[in-house]
Structures are given as structure tokens and as C-alpha cells.
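Input: one structure, supplied below.
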Amino acid sequence: MRDVSPGRAGGLAATLTVPGRLDVELTAGPGDVVAVVGPNGAGKTTLVQALAGLQPAAGEQWLAGADLTGVPPQERHVGVVFQDQRLFPNLSALENVAFGPRARGVAAGASRAVARDWLDRLGVGGLAGRRPGELSGGQAQRVAIARALAADPALLLLDEPFTGLDVGVAAALRVELAGHLAGYRGVTVLVTHDAIDALTLATTVAVLDGGRLMQVGPPSEVAARPRTEHVARLVGLNVIRDGDRFRAFTPSAVAVSLHEPDGSARNRWSGTIRSAAPHGGAVRLQVHAGHDLIADVTPAATRELGLAPGRRVWLSVKETAITAY
Amino acid sequence: GPARGEDTLQVLAAASLTDAFTELGDRFEAAHDGTDVQFSFGSSTDLAEQAADGAPGSVLATADEDAMTIATDAGAAAAPTVFATNTLVIVTPRDNPAGIGSLRDLAGTTWVRCADQAPCGRVARTVLQDAGISATPASLEEDVRATLDKVVSGEADAALVYATDAASAGDAVTTVDIPGAEREQNSYLIAALAGANDPELARAWTDFVTGPEGEAVLTAAGFSRP
Amino acid sequence: MTGATAHDVPRPRRRARDSLGRPPLVLLLPAVVAVLLLVSPLVTMVVATDPSSLAAAAGSPAVADALWLSFITSTAATVICLVLGLPLAWMLARVDFPGRRLVRSLVIVPMVLPPVVAGIALRTAFGRSGLLGEPLLATTGFAFPYTTWGVVLAHVFVALPFVVISMEGGLRAAGSGYDAAAATLGASRWLTFRRVTVPLALPGIAAALVLGWARSLGEFGATITFNGNYPGITQTMPTLIYVERQSDTDAVLALSLIMLAVSVGVLVALRDRWLVTA
Amino acid sequence: MTGATAHDVPRPRRRARDSLGRPPLVLLLPAVVAVLLLVSPLVTMVVATDPSSLAAAAGSPAVADALWLSFITSTAATVICLVLGLPLAWMLARVDFPGRRLVRSLVIVPMVLPPVVAGIALRTAFGRSGLLGEPLLATTGFAFPYTTWGVVLAHVFVALPFVVISMEGGLRAAGSGYDAAAATLGASRWLTFRRVTVPLALPGIAAALVLGWARSLGEFGATITFNGNYPGITQTMPTLIYVERQSDTDAVLALSLIMLAVSVGVLVALRDRWLVTA
Amino acid sequence: MRDVSPGRAGGLAATLTVPGRLDVELTAGPGDVVAVVGPNGAGKTTLVQALAGLQPAAGEQWLAGADLTGVPPQERHVGVVFQDQRLFPNLSALENVAFGPRARGVAAGASRAVARDWLDRLGVGGLAGRRPGELSGGQAQRVAIARALAADPALLLLDEPFTGLDVGVAAALRVELAGHLAGYRGVTVLVTHDAIDALTLATTVAVLDGGRLMQVGPPSEVAARPRTEHVARLVGLNVIRDGDRFRAFTPSAVAVSLHEPDGSARNRWSGTIRSAAPHGGAVRLQVHAGHDLIADVTPAATRELGLAPGRRVWLSVKETAITAY
């Protein structure tokens, strides 16, 4: 453990190793929201479980000045939204949410009041009496979030909390959560596959891949200068690795033509369109040209050039549109 | 049923005859070259019912008349003979901690006897009635062996059992005779079974048990002559 | 945010009828054979019973006493099996302590003992001159043998292994993921046990208790060996039946039928209340 | 597409040690009491056994015969309990047929029967002059009583209810969601049963079989009543112990210990192979 | 049942009712991909389960000329990706995927070959030997998709198949699935919360709400003229209900100002910014103004006007930018 001061001071400091699955060093100050992004199997859930004390891991862990190493989960004051929900099937939604406060010693009536309040805030107050088996996937997800928040934890661990939620609810929930997190002095670790979450909710983005942290920084910094293909895809940038330097450009900077472009542009590639989908007012093309590149074109151009999946095209970018770092 | 060699004698016998019959079986085998004596020991009622049901066997020996009646009524056995009787005695643990010298001393101690439904219980009840004793036992045991067992294991201060049981327990118990108990004896009956695969051999066995050699072994085990 | 749909969703009254189609013959056939095997002796027993002896037995106060004692002691034993056995089953299913396998094997051992031997073993421990029973008697004046407490002790000794092993199976099948979820919410192991583990394993626990109750209701050998047989104190239904058998074979069937009828009544009532919902 | 991480992920050898912290006293204490209650009679029994009688018993061919017969018949009975009982348990747990509750109650009934009564009931059905046994004997010349088959029948009758009820608990606890998933993949109920239902309920099924095996190993009353006590044919260890008890109490303890030792050995071996993985 | 001809002819025709949860009439031709969208609790999963035969439902159902009413699931030739995955925990990933072909009578070796092929196509071939408990959430999701596809069903039911997948995988999978579905003669029902899925993969979009079908049509039609708030949000349009007519406008057509706009524009609203997040090259504001509206503004404008959550703003739209239908 090299630097545990944030953990000692009130935030989180952890060095965690799970052989073959995880090897990270993570620090966060009080009130920080750490968005953990990374491809499937990167070790995000393993990290969350290790922080919760559910996954045996070597290393040290400090939270709000207390040494959590070897401390069982029930004494860690964490709140977890599990990727697989794990709502207690034998309890109603209300009882599920009231479970945390009850376990921490809050009186029954007060716990139920807290639970009811959280269910209302998450828009599922009307389903308080239902068992998890009688809820839809998204409804259950909301109850799971309510359960984690109602426990008023010192460390909030959210493993893909917005999966299965419809867009409206997800958007509203982001707002709700942002409001909650703004006044929250604990540390939040938010696992997500969605750039919006990382960019709007997080104070820090941690990029995990193959069990290791590849990049840690403020969202804007990570978004502007991604160092992994995954983050590049996440924020919708094209990133090309050039030795140990990176060259990034936006999809709208990419020109698409059916024939090899004239001139001396050294940044040009030929490839096949793999998909075309509306994106904002534009159409976003995914082109396979050695590595995958994305290009935004106008609907008009799409029609004129017949840019459909399977079509071979040329892509080019002006050197001036490229950020190198 | 089980396949048996021609020279196998199958004897269904009351459990209380285990020691005496096992000994007699050895002697019988020695006297009848090539003969194998096999026993199926159990409760008299069970055995009688099994005999009535056609269980393989040549001879049935029961510890009381009622059980034998089950077999004879079913036609599975005929003409039973009484081949031994048994007398009630008091047994105590070797050191006789409660100091019991007669039926009168049973009052206030932890003592046991057979249940009224068991043959030994019927005898015990009559003996106690004859002696005018009304002390309550701690338990009415299912059979005489269990009754003896309570004393041998130190769980009871005294028990009313047969002389044969007292004898089989040897040094483990102290025996106190009951005056007049010989008037209320229990009879052991033996009969060849109708289904015997070798009636000759069955008859040889009953003759052997009721004969002088049988008498010697049975007497040594504590049985009386009828 | 929209949550509940506008219309009221009625809670389903009972689980939907199984919709996976007809059971296959290869499963149906053995199941039918199993039922026939178990039921036919009961039916023939009823046929073989003399109705007049049934009436006589039903009216006998000794039968009423023994029946009552049987139910009292079996129920007490089942409660003790729950109190002692569920924690043990939980330890075996959820806590990875050293020597766990040894403990599990030791727990199974009494199941293998023939009941009479179980009675003898109990006597060597808790009898009046047993290794533990003698000091107990000397210090408190209390001894288990010949008392109703002794009957309960014998029942517990005989039924507890069944209850523990069966409960452990139920706890394992229910999985431990929810325990972990409860722990993250700050629940102590004891709270988790009460609110999560036990409710989720309820079908298995209930089945185990039914096993234990039935096992102890039919228990005879250990009881009579350890406690003897005295009406009103240690004479349970099985011991009454056993001693009765030496004099009156008809009465045995009648007594057994009465015992059966009452137990089935209790079980059916229990099932309705406890087991079907689980 | 990226899928597996670059480095090799080693499969964990065994499940992680339980990390939820020390078990609470309120559960630990009863568990310890339960173990003591079950173990102390066994210990005192060992203490009370005369070592010389142990040696004598261990060398006796009658003991070897009885032990062998006990294991053969109990194992055969357990296999039959599996073949007949698992389908029945499955029907009770998964198929919503009319009269299910009645069938379940009927299945429990034999558990409640004292063993001797079970033997009598078997005789009324399968005895040589029983309602089913008589026609069987007349047509095939075969009768169950006094044969090793009869012993197995008695064991099955006595153990099957335990196995069925315990297995049903295990099947219910495992839940039916995966059955539905298998059905959508085109699996017949039989395939689903084999590949999904049974593997998932394996801990419960294994526990049930251990119960059944142990119950049948200790079974005595029904066997001796229905089959008599013929050495080499129907004389199992418990019936041999019964006979020995008539002459020699020391021998009883010795025989019981031998039986225990061997059964525990078998169970521990089984556990290692089958039960811990489940 | 009014019109079952598509079902009789080779496609799907179903009238399904689950009291209080579902009441729909759905038809689709062979090769059709029906995207089912709708808010949480709309009845999407209920519909999928009813089509699979797992949820008892009143009504009729025809598939490829066969009457499926009352037919048990194993005889329906469906393939289901469950919202909660339901991979068999006792089988390896490979065995899970091979289960379907095996169950339909394909030899063991051939089944394993098919399974291996599908796992490879979904990028999890290297995890074939793992049990579901040893997979990450996204890896398990891919195995679940492979399992449904490998069964080669006549009716493919995908309940949120792309949840928990990282962006790269989800994009690749969409391409993969599009390729597969192009050559597929069966009917696909795809439940999704993602507009991209609905727009790129579907031939028909069915909008479910409160258990009823609110709108059915080609993706472009539904996207252009949404009739529910949910779809409006999904495709990123503002839709205002006006009696039984609708008025729609794009977020980029919305002008944002700090003071009440001058002029006679009758389409103007005042409200509070609930969230601001990057969207393509713009910043997307969510504004609560009676109903929720979205507006796209340039990053520069965002900075200048200080458009942060909590700020009160005025929104206005020119009448010409509004489509009424």
C-alpha cells in the first residue's frame, strides 16, 4: 500500500488483488463519485465485490479513517446494487428497502417510513407491497437501488444501476441520483457501460481492463484523451494508438467517400461499413478498416452515396482535426 | 423360502431360549452327523405368527401357551408339549444397593417387572397379588429380557424375572427367591411344524429337547421340569 | 417517473398450474409404483382390522393416554430438534469451520443405530448409573429414565440427525447469495439467519421437521430401552402397541389405525397451514 | 469483439472460505449443544464397551454375514428409493395434479408407523397369505417373507417416505425457473429432469439418500416381523444385535460399535466423493 | 381472434390476455423483427413469456401455420433470452449452448460444434469451459444469447439482449445479429430500451404501455411520429399531446434563453433544468416545464448562459419546426 491518506482522511483507499482477476489501487476523497468503466470481464464486478468484502482479496482497504481489511461486509457500512439485483424473494419491496435501516438499528416504523420515501423517489411507491417475483425487471432494479440508498452507507457501490431501466426512468434517476450524490459525504463507486453516467455523475473516471486500471482522471480529461479502445468507443471518439502516444478525432471530422480521396491527406483508410444508425441529427457509420472507426454523415449524404452496411468506403481526416497526446 | 440342504433343521425359538438352544443345537449336530441346526430367534408371538404364515421351519418353541395357540389354531403346528417351566425370582444389582430381601422391600424403590400383556407380566402380577403387594413399579417392561437388562445396567434397584434370566446374568446380579412363586410357573412349549421339510428330523429334535440331554442343558440354564 | 401501471394488478391467488406439459411415463410410472408400494400395506391393514376391536380400542382410556403422550413428546422433541438442529444445520451448510466433515459424520451416526442400541447408548450416558446421568442424579436428584423427559430425550436423539441432515440439504439448495446481500446491508449473521436464510429455506426446513416429527412419533426401541413403559408417564402409542401385541394381535391393528388416522389428520392440517405456502 | 481477458483465469479449487464473519453465539451455542447431545452417548457407549468382546465380535463369521447382508440390503433399498422416490418427489414438487395433497399425506403415513406395525402391515399385503402376496405366490411361486428380497422390501417401505419428503423439500428449494428455461430450448420434461432439475437439487437429493440409507441400516422391527431372523438370509446387523442381547449385553455394545464404525467409514467415503462437491 | 392469416401463412399471429398485465394482438410475417418498446412494467416480459408458453395467457397463438395455443414450451420451437439470463448453473457455457441442439435431437458432437461456433461468434469462445457463476455479467449475457440462437428456433424471443454489454460488444453484436436476422425466416421479437436497436434491427416497432399496444408500425414511422411520451423520449423527440393529435419537434429546434422570449411565438414554456449532458457535438438539456422537454444547445451557449441543473430557463419553438399528426 503506497498511499492510504485519502482512506485515512475520510475517503477511500484500497489496494486489492484477486489473482488472475483484479490488481488495482484506488483512492477517492469524501463525496467523490468514481465511475468504473471497462469492457465485459474487465473486473468491475470483482472490484465492487472486493470493496464490499464479499470477494476475498489480498491487500489493504481504508474507508473514512477505518481499516476495513478483513472486516466482514456487515460492519463495512456499504450499500450495494448488485448486477443481478438479489432482492430478497421472500420480502415485499418495502421490506427489502427497510431491511438496511432495520439492520442498522433504526426502529421498525421509522425504517418503513424511510423505505416508503425511497420507493416513492424512485417511482415505485405503488409497488411497495409486491414481492420481487411480481415485479418487472426495471421495477425490481429500482427497488434494488432504493435498497442500497436507504441503508445510508459510507461507501455506495452501484454495479450497472441503470440497466433495464427505460430511458425516461434512467434519465430521471440520473437526476435523482445526482441530487442525492451532491449532498453525500461518502464515496460512490459506479460501474457503468454508459458514457452519460460517467460524464454526468462522476467526479473521477477509472478505466479498468483485464483487471488493471488503465487510466484514472476527471471525466472531461478521460473523455477528451481516452487511452483505451473501449473508452474511445464509449465517448464516441476515434482513437488510434501510435506507439505509446494516441491520436484522437471526432466522428464528425471524418470525411466519407466512395473512391480514394485525392490529395496528400496521410490519414486515410479503406474499409467496409458494418452498420449505420441515426445519431442525433446525423447518421453514424461503423466502418471496419483494420481497426473499427466511426464516422458521422448527414442523412442526405447517406442517401446520396448509398451508405449501407456492406458497402466499401474510404475515410479521411485532416491532420488539423486530430489531437495527439 | 430359503433353500436348505436336506439335513438342515430350522428351529423357530423364543428369544429367552437363545443360550440353552444354541448349546443343544451344537450337541444335536454332534449326535446327528451331517445335520445343520439353524435358529430363528424372536418374540414368541412373532414366531408363532410367522409359522402360521408359512415361514420356513421345522420346529416352533414358544415361551408361553398363548403364542403357541396362534400356530396351532392356524394348523401350522400340532400337539405341542410343555418341555420346561420357569419360576419368578427377584434380581438386584450385585451389591443390592436398596437392600431388598423380599417382595415387601420393593415399595419405595425403583423396581421393574414385565407388562401385564407379556407372559412374565401375567405371572408377576399373580405372584404379587398372592403376596398382597401393591407397590408400583417404575416401568412395565415389554419382555423379561428388557426387565433383567434394567438391573444389569444399574437402571433399576430390583426386577422380577425368571430364574433362567437370573442364571444367565451370572455374577452381575444377586438373586432373591420368592416363596411360593413355584405355584405360578410359566410353561415353554415345543411342537413340530406342519410345513417341516423333514418331519423325522423335527421329531428327533423335540425328542432331544424333551429327553435327558435337553433336561440337563435346560436345568443348567435355570429352567425347571414341567 | 412512471412506475406502476395505471390499472391495478391483482396478486395471483395461487401459483399458476404447471404449464410444462404432461409428466413423462418414465417418471410417472415409478412415482405410481412408489405410491402403490407405500399405500397398499396401509389399505390391506385397514381391511385386516376387526371393526369391533377398533371400537374397543378407540374407547379405551389407556389408548387416549398413550396417544396424548405420544403427541406431546413428539411435538416437544420436534421443537427441540428445531431449536438445536437448525443452528447445527446452518453451521454445516454455511460456516467453513475446521472439522466440519467430522461433525457431519458424527451427526449421522445415531441414524445408523438400531433403536434399541440407541436406547442402550443413551443409558450409558444419561442413565441413573450413566457417565453423565450419575453425577446429574447425585447433584440434582433428577434422572431422565422412567420420566416423560427421558422419552423426549430419546426422541430427540433419534430424530435430530434426520432433521439436521435434511435441513442442511435444504439450506444448501437455497444458496448463499442472498446472505451476502443481507450482509452488505449491515445485517448481522443472526438477523440474516432469521430474515433471509430461514425464510428462503423454509420448504426444506418444514420437510425436515415433518420427518423429525414422524420419526419420533413412530419411535419405540430407544424409548422403551431407555425409559421403560409406564402408562401415563412413558407409555407412548408405539410402546402400548408393542406390549399389546404379546396378548392381543387384533388390538395391534386397531391401535395402529387410530394412531395413523390421528397423525395423518395432524399432518394434513399442518400442510395446509405451513407447508403449501412455502 | 473482446471476450475473455488476455490472461488466464485459474478456476478456483474450492469455494472461498466463508467471509461473513464469526457465527453468532445464539446459533453457535445450540449447535454445540446439539453435537454434544448426539455425540456424548456414542462416546460413553465406546467407554462402556469391553475391548475383549469387541475383538471376539469382530472375528465372528456370523457378524461378518450380518454386516454384509445389512449393507447389501440397505444399499439395494436406497437404490430403489432413488428410482421410485425421486420421480414421486418430483411429481409432488413440480406437477400440479389433482389429489396431490392427499398423496403427500399418504406418503408420510408409513413414517409414523412403529416399525413392528410396519412389519405387520407389510404382512397383510405381501405376506404368504397376504392380500397381494397370496396371488403372487400362487402364480409365480415367489413370496417376499423370509427372503432377502423381503428384507429389501421392508427397508424400502420404511425408508421411502423419508427419502421422498426430504427430496421434495430439496426440489422445491431449488426452484423451477431453470425448468422453464430448459423447456424453451425444446427439452422434454425427462431431459430437463435429468440435466437440470436433478443436478440443481443434488445437495438435497444426496442428503435424502443418506437419510434413507441410514434409516434402512438401523431398521429392525419391520424386518424381523415381516421376514424373521434367518442367519445369512434375513439376519441383518440389527436383528443379530437383538439376538445377542438375549444372551450377552457386552456383545451388543461391541456389535453396535462395529456397525457404527463401518457405516461412518462408508458415509465419510461417500461424502468425499459425492456430497461435498454438490 | 380477428386476423390470424400471417400466423397461418408462416409468420406469427397472437391474441394474448393476461388479466391486469397484458392484452395485445400481435402479427408478424416470416423474417420480421418486431421490436417491443415501452416503459418498465409495460408488459414486455409478460408478452415474451406468454409467447414462449411460460406465462399462462388466454387467447390464441399461431406460428408458421401451427396452432400453438396450449402447446407446452418445449414443443414451440422458440428460443428465449431471458431478462434474468437463467443459464443453467450446473453446466459449462458450452454445455449451456449445446443444450438446445441436444434437446432437439442433434448428436452430441455436432451440438458441441454448433455451440462452440456460436460462442466464438459472440466473442466468448475462450470461456467455453466456465460455469455461469465464473462469468462476468456481460459474458453471461453473451452466452445466454448464444444459447437462444443455437437452438435454431422458429420464434426468437430476445428480452433486452444487449443489457450489461459494453458498447463495443453491443455494437458488434448488433451487427452480428443483423446479419443473422437478415437470413432468418423465423419471427423475432426483440424487447429493448434502446432506440438504436429498434431503429437498426427491427422491421416493425410495437409500442407497449400498461399492457396494451399503443402504436405499431415501421421504425421510421414510429420514430418520426411517436404517440407515447416513452417513445418520444426514446427517439429523442419532444412530443406534446393535443387532444387526440400530437405535435412533435426535435431538441435542436428548441431555443433556450434566460428571459422570456420576445415576439408572438405561442410555443414557449418556462421551467427548471434538471440535467445537462453531452450529446453528440451538442449539450442536451432536460427541462422540467410542466411536462419534460429536451433541448440541444451548443457547448459554447451552455457556458455563456450558465445552463446548469437548477437554473430556470425559457424554451421556445417556431411553429414551422413542429410536425403535427
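A, B, C, D and E label the chains in the order they appear, each numbered from 1.
Just so it is clear, a residue touches a chain if its C-beta (ideal position, glycine included) is under 8 Å from a C-beta of that chain, and two chains touch if they have at least 3 such contacts.
These figures come from a predicted structure and were not determined experimentally.
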Minimum number of chain-to-chain touching steps separating chain B from chain D: 1
Chain pair with the higher count of C-beta pairs in contact (C-E, A-C): A-C
Centroid spacing, where centroids are CA-atom means, of chain A and chain B in whole angstrom: 86
Chain A and chain E, separation of their C-alpha mean positions in angstrom: 21
Distance between chain centroids, defined by C-alpha means - chain A, chain D (Å): 52
For chain D, residues that touch 2 or more chains besides their own: 2-4, 9, 17, 20-21, 180, 183, 188-189, 192, 200, 242, 245
Junction residues of chain E, two or more chains touched: 39-42, 53-54, 72-75, 84, 139, 142, 168-169
Interface hub residues of chain B, defined as touching at least two other chains: 49, 149, 153
Contact pairs between chains, per stated definition: A-C, A-D, A-E, B-C, B-D, C-D, C-E, D-E
For the chain D and chain E complex, residues of the former touching the latter: 1-4, 9, 11-12, 177-178, 180-189, 191-192, 195-196, 199-200, 202
Contact set on chain C toward chain B in their complex: 120, 123, 127-129, 145-146, 224-225, 227-231, 234-235, 239, 242-249
Contact footprint of chain A on chain D as seen in their complex: 2-10, 16-17, 19-21
Chain D residues touching chain C - in the complex, by the definition given at the top: 15, 17-18, 20-24, 26-31, 33-35, 37-45, 47-48, 83-88, 90-91, 94-96, 101, 103-118, 120-122, 124-126, 130-132, 156-157, 160-162, 164-166, 168-170, 172-174, 179-180, 183, 188-190, 192-193, 200-201, 203-208, 210-211, 214-215, 217-221, 237-238, 241-242, 245, 252-253, 256, 259-260, 263-264, 267-268, 271-272, 276, 278
Residues of chain A touching chain C in the complex: 52-54, 72-80, 82, 84, 86, 88-91, 99-100, 102-104, 122-127, 130, 134, 139, 142, 147, 151, 157, 168-169, 172-173
